[in-house]
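Please see the structure below; I have some questions.
A, B and C are the chain letters, set down in written order, and residue numbers restart from 1 in every chain.
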Amino acid sequence: MELKEKLISSFMAFEEQIDVNTDLHDVRTSALKNFETQGFPTKKLEAWKYTSLNSVLKNDFTVFPKKESAIGFSDVKKYFLHEIDTYKIVFIDGVFSSFLSATTHDGIDACLMSSALTKPKYKLVIDEYFNKVAMADDSLTSLNTAFAREGAYINIPKNKVADKPIEIMYFSTGSEAALMVQPRNLIIVNENANVQIIERHQSLSGNPVLTNSVTEIFAKKRAIVDFYKIQNDNDEASLVDNTYISQKEMSTVKVHTFSFGGNITRNNLNFYHKGEHIDSTLKGITILDGKQHVDHHTLVQHATPNCESHQNYKGIFSDKSTGVFNGKIYVEKEAQKTDAFQQNNNILIGDKATINAKPQLEIFADDVKCSHGCTVGQLDDRALFYMQSRGIPKKEATALLMYAFSNEVIESIKIPELKQRINSIIARKLGVNMGFDL
Amino acid sequence: MLEIKNLHARVEDKDILKGINLSVKAGEVHAIMGPNGSGKSTLSAVIAGNEHYEMTEGEIELDGEDITELAPEERAHKGVFLSFQYPVEIPGVSVTNFMKTAINESRKAQGLEEMPANEMLKSIREKSELLEIDRKFLSRSLNEGFSGGEKKRNEIFQMAMLEPKLAILDETDSGLDIDALRIVANGVNKLKSENNAIIVITHYQRLLDYIVPDFVHVLYKGKIVKSGGKELAYELEEKGYDWIKNEN
Amino acid sequence: MSKYTEDDLKVELENKEYEYGFYTNIESETFPVGLNEDIVRAISQKKEEPQWMTDWRIEAFRAWKEMIEPEWANVHYDKPDFQAISYYSAPKKVDPNKTLDDVDPELLAMYAKLGISVDEQKMMNNVAMDIVVDSVSVATTFKKTLSEKGIIFCPISEAIKEHPELVKKYLGTVVPQKDNFYAALNSAVFSDGSFCYIPKGVRCPMELSTYFRINQAGTGQFERTLVIADEGSYVSYLEGCTAPSRDENQLHAAVVELIAMDDAEIKYSTVQNWYPGNKEGKGGVFNFVTKRGLCEKNAKISWTQVETGSAVTWKYPSCVLKGDNSVGEFYSIAVTNNFQQADTGTKMIHLGKNTKSTIISKGISAGKSNNSYRGLVQISARADNARNFSQCDSLLMGNNCGAHTFPYIESKNPSAKIEHEATTSKIGEDQVFYCNQRGIPTEKAIALIVNGFSKDVLNKLPMEFAVEAQKLLEISLEGSVG
């Protein structure tokens, strides 16, 4: 059976399994209907022109894993930011693992979406926020909404600063021959509150995995949110990450996406402005090899005056890898005095790598400063030679140059241990044993 | 030539000038000094007619004619020139093209024919030599990528080309090294005559060593609090602006 | 006077009349409306074409019937009813073989209004001109001077008869009949256009120029231009367009094919000023044009366009850089005002090694218009050391218009170097005040600033055209400033 039919036909069974209220039932039903109409996106859609899911969708995915798998902390310790204390919300094959997790209700909520969706005390919050910023007409988002059941629920109350970073981890064990999971995260950062979040999807086996994730983030007045996505999965794991961010006045939201691995990765990152003096930052480093494919699709919807946005994506592509950058700055008529910048720089190495870029501006307000720049090029041969002539081997010299190329993005990581971690992943990725303490 | 009486002006609901009186006659050089925020640049902008500043009270007369209702370009046509503290970049418009347009617009306003090309070229050559400006510089886009010194020299070059009756030099010395300062001052001095007047707005006394004023006025909190001869500038340099602040 | 603001200018712009909106009462022969194979045959017959040409048209028509009008562009309009258009209209009295003195005096009067004096063309000695009214070429000047150099410059209808070997060999090789919806339509029904062939090693001594005019109501204009620059030759080609003001929309679907053989260079400049519709957005020309050039080894094609007219523009002059070391350039100014919509840009297809392309696009939006740049830079896997530089700048005047930038960058070759930059800005109040202070009134200041903004492109136009283009920019934007 095709995956689409499999999903649609299992919907009733799915709803029976969960304790569902009528409001949610309506939301799910209409979402499913939308997915049924549109199906999985194909290359015929302008938004999916450069990314095809066909090769992934032909797997016979299990959509509800039957077996529960346990893993020991020592097996997965290296994926956590273990040097520092963090809250942890951990899922194994889509199911919450209380053993690996460290959740909290003390001052802040860092816990489970399944509780939030079912327990009466969260009903008001769910009514107000669930599926409110996620794009209702997007087919994969709808698919996730229909089957939304588990994920991270984070709620930081007014004036509260989360005392340590929160790690959200999704492991898949390979207990199924092929697994599809659909995590759903809801993050609410109230007035003047502050939080740092790290999210990672990690497959522990060579079996195919397809993750269709939706994250909704609400940043209220003066809230500060720092969100880091680490994508360094193995070659059989594909990810569609749909992240929607709603920002109120004077809030600051930064999303960093580090894409170093995986089969096909598609990031849909959407910012919506709902107040003045908002600051949005979207940064990313993508380093790919083999046949890896990463597609960054960004949107910043400037709807209000006096806001700014900064996009900066760096990509290094070797072997037969493919990079896509499709970034859009949309400035509505009302959004005067917008400052919106977008930068996308790419380096191609090896002779089969491809880069497709479509940096777009759509501007309807006249008193704005908007610009974008996009480059495709190579490492500077002269710089390479210069370093070699000083005795630095070519491989290390190349790595240093690539590191320098990505440094602008690395520099803005606020958690020192995470910065260290990203550095070592980059070093590993580039095949060198260097600390990069530039 | 210039008569300012009880001038009040504000910007965005904030009162900046609170009753300025100033009288400038042909052939005179006036210096206006004052600490940051005292209203020096506002005064120059109001005389030039920048609509960003709202004049709330008072009179500005040029040769006995009230100019307060005139558009900035009409004031320019009557001989008011402002050397900007921060000259504006206009990409793609060469210095020459800009000057040609400005001169011919002024001539048009005075009912004169356009300046013949050969006359224009001759004038450009003379004036650029006066300010030691490289001719290549004149085909560059106006102020785009100019160094601080080039921008200021270009302002004085335009002053030379337009031959104004009243020139206001707003912080022309800021951002200039000593050589550029000498060239600029030298240019201004050569343009000085019995028929025109110059107002030099500056924070420091340095420029006044080169362009010697007949009168020095000290502006503080939107009012002229002291006036005197050139020795006032030295006194100010020696005692600092705290002297003024403490007295007021 | 003292309060003349950008808003006042906007009002003035919106009220500005289209200067070329007159209709000339020339007796015309016009086909009945509608399109079918019989009409296609009838056009071919009317033009006394050989059978191969008729077959070629029929093939295109059959393909077109199966095609769907494209919708991906960022423009919105009521689709033309292709059965309500007359596909052939020709001024009756014109015989291309007659001398200029025999041309209908009404026509000559019309050229005078357009600012083209055909008589003067004789004196000017540096522009040879082909004039196409509605769908028919009415006058070609300087034929003799050109033919001494072996240059062929004539209406394409004449070339089909006189030089069938050239037309047959090259027509449709750069823009195939089935390339897109409008190109297919054009291939089926084009009635005339210009043909130009520059022999090996010849440098064309003068600018070649075609002036297009839609005069008759209810007609479409479908001209076809084919320029062939043989090895080592050079030609500069100019194209201008106007149309009368009419309440209904007129369709213009042209195809231009350029072939630059080894070491050849073609410079193709367009000043497009089709009627843009009135200030309520009524009427105006739908300008759906396919322009493409093919560069062989070491060849160079430059497209320069100043687009101020048309209600809707859909146009992407492109370069296929097939030969090694070939060069493609695209310089564009697109001005939209009132309800105009433009979706324009270029495609640079890098196939050969060491190929270079440059794109400079300046978009100016005013009124309630929408101005989009859409461009593709494609580097194929074999195109080693390809280079591209793109710069797209938008200037917004007022807060009811839109500026859009849709660049597509596709690189499959790791030695490619691509740089793309885009900015959006408005005219700064400080810039206007600075000009004012030097005695330049606001209206003139804005003209000066817009001209400065467009300078990189204006500089690329041949002298004769640059002045006209500058004037056109002022007319389109600066109201009464002249």
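Throughout what follows, a contact is a pair of C-beta atoms (placed from the backbone, for glycine too) under 8 Å apart; a residue touches a chain by one contact, two chains touch by 3 or more.
Quick caveat: nothing in here was measured; it's all calculated off a predicted structure.
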Study note, to complete from the structure: Centre-most chain by CA centroid is C
**Study point:** Remotest chain, chain A as reference, centres from CA atoms
**Key:** B
Review point. Between chain A and chain C, what is the gap in Å from one C-alpha centre to the other?
Key: 45
Study note, to complete from the structure: Here the gap between chain B and chain C, centre to centre from mean Cα coordinates and rounded to Å, is 48
Review point. Can you give the whole-Å distance between the Cα centres of chain A and chain B?
Key: 56
Point to revise | Interface residues, chain C side, partner chain B - complex | key: 1-4, 428-431, 433-442, 444, 448-449, 451-456
Check your understanding: For chain A, which residues are in contact with chain C within the complex?
Key -> 46, 333, 336, 348-378
Exercise for review: Going by the contact rule at the top, pick out the chain C residues touching chain A in the complex.
Suggested key: 72, 379, 381, 394, 396-426
Review point. What residues on chain B touch chain C, complex-wise?
Key: 48-52, 69-77, 80-82, 84, 87-93, 97-98, 101-103, 105-106, 109, 141-142, 158, 162
